[in-house]
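Letters A, B, C and D mark the chains as written, and numbering starts fresh at 1 in each.
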Amino acid sequence: MSVVAQVVKKFINDPETVVPEALAGMAVAHAGLLRVDLENQLVLRADAPVQGKVGLVSGGGSGHEPLHGGLVGLGMLDAACAGAVFTSPVPDQMAAATRAVEGGAGVLHIVKNYTGDVLNFRMAAELAEDEGLQVESVVIDDDVAVQDSLYTAGRRGVGATVLAEKLAGARAEQGGSLAEVAGIAKKVNARTRSFGVALTSCATPASGTPIFDLGPDEIEVGVGIHGEPGRRREKLAPAGEIVGMMLDPILEDLKPASGSSVLAFVNGLGGTPLLELYLLFNEVSKQLGEQGVSIGRSLVGNYITSLEMAGASITLLTLDDELTALWDAPVKTAALRWGV
Amino acid sequence: MSVVAQVVKKFINDPETVVPEALAGMAVAHAGLLRVDLENQLVLRADAPVQGKVGLVSGGGSGHEPLHGGLVGLGMLDAACAGAVFTSPVPDQMAAATRAVEGGAGVLHIVKNYTGDVLNFRMAAELAEDEGLQVESVVIDDDVAVQDSLYTAGRRGVGATVLAEKLAGARAEQGGSLAEVAGIAKKVNARTRSFGVALTSCATPASGTPIFDLGPDEIEVGVGIHGEPGRRREKLAPAGEIVGMMLDPILEDLKPASGSSVLAFVNGLGGTPLLELYLLFNEVSKQLGEQGVSIGRSLVGNYITSLEMAGASITLLTLDDELTALWDAPVKTAALRWGV
Amino acid sequence: MDSMQVTRWMRECSAAIAEQKDYLTQLDAAIGDADHGSNMTRGFAAVETKLDQLDGGTPPGKVLVAAGQTLVSTVGGASGPLWGTALRRAGKALGDADEVDPAQLGEALDAAVAGVVELGAAQPGDKTMVDALQPAVDAYRAALDGGELADALAAATAAAEQGMRDTVPMLARKGRASYLGERSIGHQDPGATSAAIIMAALERALSDRP
Amino acid sequence: MDSMQVTRWMRECSAAIAEQKDYLTQLDAAIGDADHGSNMTRGFAAVETKLDQLDGGTPPGKVLVAAGQTLVSTVGGASGPLWGTALRRAGKALGDADEVDPAQLGEALDAAVAGVVELGAAQPGDKTMVDALQPAVDAYRAALDGGELADALAAATAAAEQGMRDTVPMLARKGRASYLGERSIGHQDPGATSAAIIMAALERALSDRP
């Protein structure tokens, strides 16, 4: 893959300080809802720690906004750790977040399945446990573009992360135990599959040039959220065909019973207009209908992004009454809010 | 301005059907909240017409999502008319919307100040009045990048549109009369100023190529929301300087008394990552602080966009107790939601 | 001008604008929002559909009113209401006469420009369609007194094209191009260009060779 | 190896990695996420700051533990925990001896690789740093029995560089590159490349000419 010479212009002052400056902006924009620990690069729920409630901690590299900081608040995360762009945070941050949200009922780490995130969160959990804190970890790996296997790094964690944070967060808000809250996160991961397609690459502030190079009629099929190339390259096709390329592997793996109801989540990777995301959602609903699968709940928008990458991912979660009720439960974060 | 040969890839089936397909997607994604009239390309509040409430109608070309359809719902718009991409809708659509939301208390048209929008809404108002409906129109023109004058088309309507729809919508929900609701929209427009900067152009589905051409180190200063070039071209600069270029003309025109409190709205034009928008917001809050202006309320995100254009606009509204209370009032739309 | 000729005018407009679609859009991309070509093409395609529904005998005035109404209902943007009003006003001026003489046509063209100015408030020199339409109508009337219809139509077309070219150095004061200020200078106005196309279509439609 | 030499090793690593920063990032852009160069540079810059705070007499083992801890706390990503663990394990293996003989250094290098494998579960051939580290450590020990330290270090560096080159045809099974499947073939692994840089730095640090 040749790295393109072309520059991607950005609103920044200094590549080294993008993340802390953005966190400082979040603190002002959402004062009252959030608190920001600039030293540890943490976004914290304003009233953390919530006594008697299981604390939810997630985090990862920056560049996926609103994930994770925009998902901190009542009914969702208690803390988000922000790493450098596309680089997992370090154990010290995660341990500090764990201490900050510990309310006496234990802390759940929601970890996207990337080697860096997994290893750093594992070390953080060891640090916290050495201090006598009770920590459970759930690893999210819903991306069917990656073959799962015991001998590889396994699937990536993508769209299911947003859903697990919402649903486990709702269970925690209801007073669920650490085991129960972790159980919901595992259940969501087990019932969710995702697939992503990119129309363009993206550029980190540090490098300033696109990570990969795509022709004017090419798309990357099976991409993650770090600007990495996908599984294969295809010719640009009508939206209906592209949605087919994404839904087929999801349905093959998820195997929802005909007549079952799903939460359908069309996620923008950052540079795709909402107009196109709704158009894609229309295709998803048509094609699911043909398969006898109905849409019980929906989410459309930019929630787990890859900087300015033009592209989208589709995520399907097979609903049951418990998950539907948890989805409808009140949530009050910068990016997801209802019922309060 | 030379038109670039480069293609912008999009998730579409057919340029001619992008808007109706996206509207169909919205209808599924937000069933219960919205109703869509595909024949007239209208997004309607599910429970429209609300008896005894002033109806709020807005609309314009598509490509600015979530404006206007994503701002339809309790406490905001009753109907949004969608035109072709970047082309004002026609009077027939606006008249149909007016009929559909008329609940006995009259209808307010919120019109962005573009010749096309103004002329089509004027003709629509005449049609509706011929049918005996009571219609008031408020024209929004907050863009200080354009010199205002009696002899020109005047300023463009940009960010203030979102604020006017929220605040006038809240007044209508409280039972305000047509005159009172229109009064709030006029008050918001009078107290709001905006300025936009683009890092890239954008491409309509019909043309597929960027509307203008920018060098790797150039930015367009003073752009609107239709991919049109700005007032002038500048070299790319650090975010702090760019925010200065935007805030200076706004403050010069708005002249907020030192010590006054504003609603600060940093809006993404579509292709700029949220990470950068928060970084810009941080600069806005720092620079306003230096001017003795405090931020009473905040909004950060993509609300009035220009397809996939990379860029941002800053909008300031000088608050008073009435407007602050209307901002905090419950709103339930696809894009803005709180308190319910 | 009779019903058949006015219908031919509208179809000539539709064909010529569809042919110039990309050119009109390119002009609009430079100082506007790159949609004038598709807007006008969409509108006149709808006008042709509308004409198919009218029966042959419909008087010229009624044909123009129907065409104008169709533009208003299908184009949107600035050009929809403006061109729609122009054709409607021209049609109203003709009433329901089955035959229109050159002088009446002149009054209809006058009414058309007056309608555009009334609605859009553009002055000559503002860099709009008015800068092609007004000179065209003036030239038509001037050539007509003493001259033939053919000469008047030729003068109108030539004046419209000259007016179109004259918009290049103008600084736009109306429409989207006005947002560019000084940067609008040096570009030809899209609407003035479609005005020239429409006047040329009129000349072709009324020329004896069908 | 004494305190001064181990410190020199770390500073040689920092300088060499900073110099190769863009190259490492470019390798990572092809099969990863374009951050390996900045990750490692950030980490070893912090290590240098840490070294400045340690007093001269700190035993080699303690220096490596401190360096490893610093990498864990400042790098993030996959390489932070992995390289951090490697240095910490090596340091722990050396205890607090002030002087380390070549055999002890070999055990420390063994412990480093073992730590990486234990944490990351990569097999030889998975296209990771292990494919440069394991052959380097094996070559060091083989060359040492009977041979001189200098020969062992030279053998280790050569083996690391060979192992680095050998990752090119491999299909990645661990780390981000594994997401590319077949498309990971034909690219050199960034982590194996920094491993070769770090082994070469060790040889330079322990060579008599300071």
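FYI, a contact is a pair of C-beta atoms (placed from the backbone, for glycine too) under 8 Å apart; a residue touches a chain by one contact, two chains touch by 3 or more.
Quantities reported herein were computed from a predicted structural model and do not represent experimental measurements.
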* Counting one step per pair of touching chains, how few steps separate chain B from chain D? -> 2
* Distance from the CA centroid of chain B to that of chain C, rounded to the nearest Å? -> 32
* Using the average of all C-alpha atoms in each chain as its centre, how far is it in Å between chain C and chain D? -> 76
* So, what's the distance in Å between the C-alpha centres of chain B and chain A? -> 28
* Two or more other chains in contact with one residue: find those residues in chain B. => 85
* Tell me, which residues of chain C touch at least two other chains? -> none
* Asked: Hey, how would you classify the chain contact layout here, line, ring, star, complete or other?
  -> line
* Throw together a list of every chain pair that touches. => A-B, A-D, B-C
* **Touching residues (chain side chain A, partner chain B) in the complex** => 6-7, 9-14, 18-19, 21-26, 28-30, 62-63, 65-66, 70, 85, 199-200, 216-217, 219, 236, 238-240, 242, 270-283, 285, 295, 298-300, 302, 305, 307-308, 310, 312, 337-340
* **chain B - residues contacting chain C, complex** => 1, 3, 61, 83-92, 114-116, 119-120, 122-123, 145-147, 149, 151-153, 156, 204, 206-207, 211-212, 224, 226-229, 231-232
* Structure fact -> Within their complex, chain C touches chain B through residues 25-26, 29-35, 38-39, 42, 72-82, 119-120, 123, 173-176, 178-181, 183
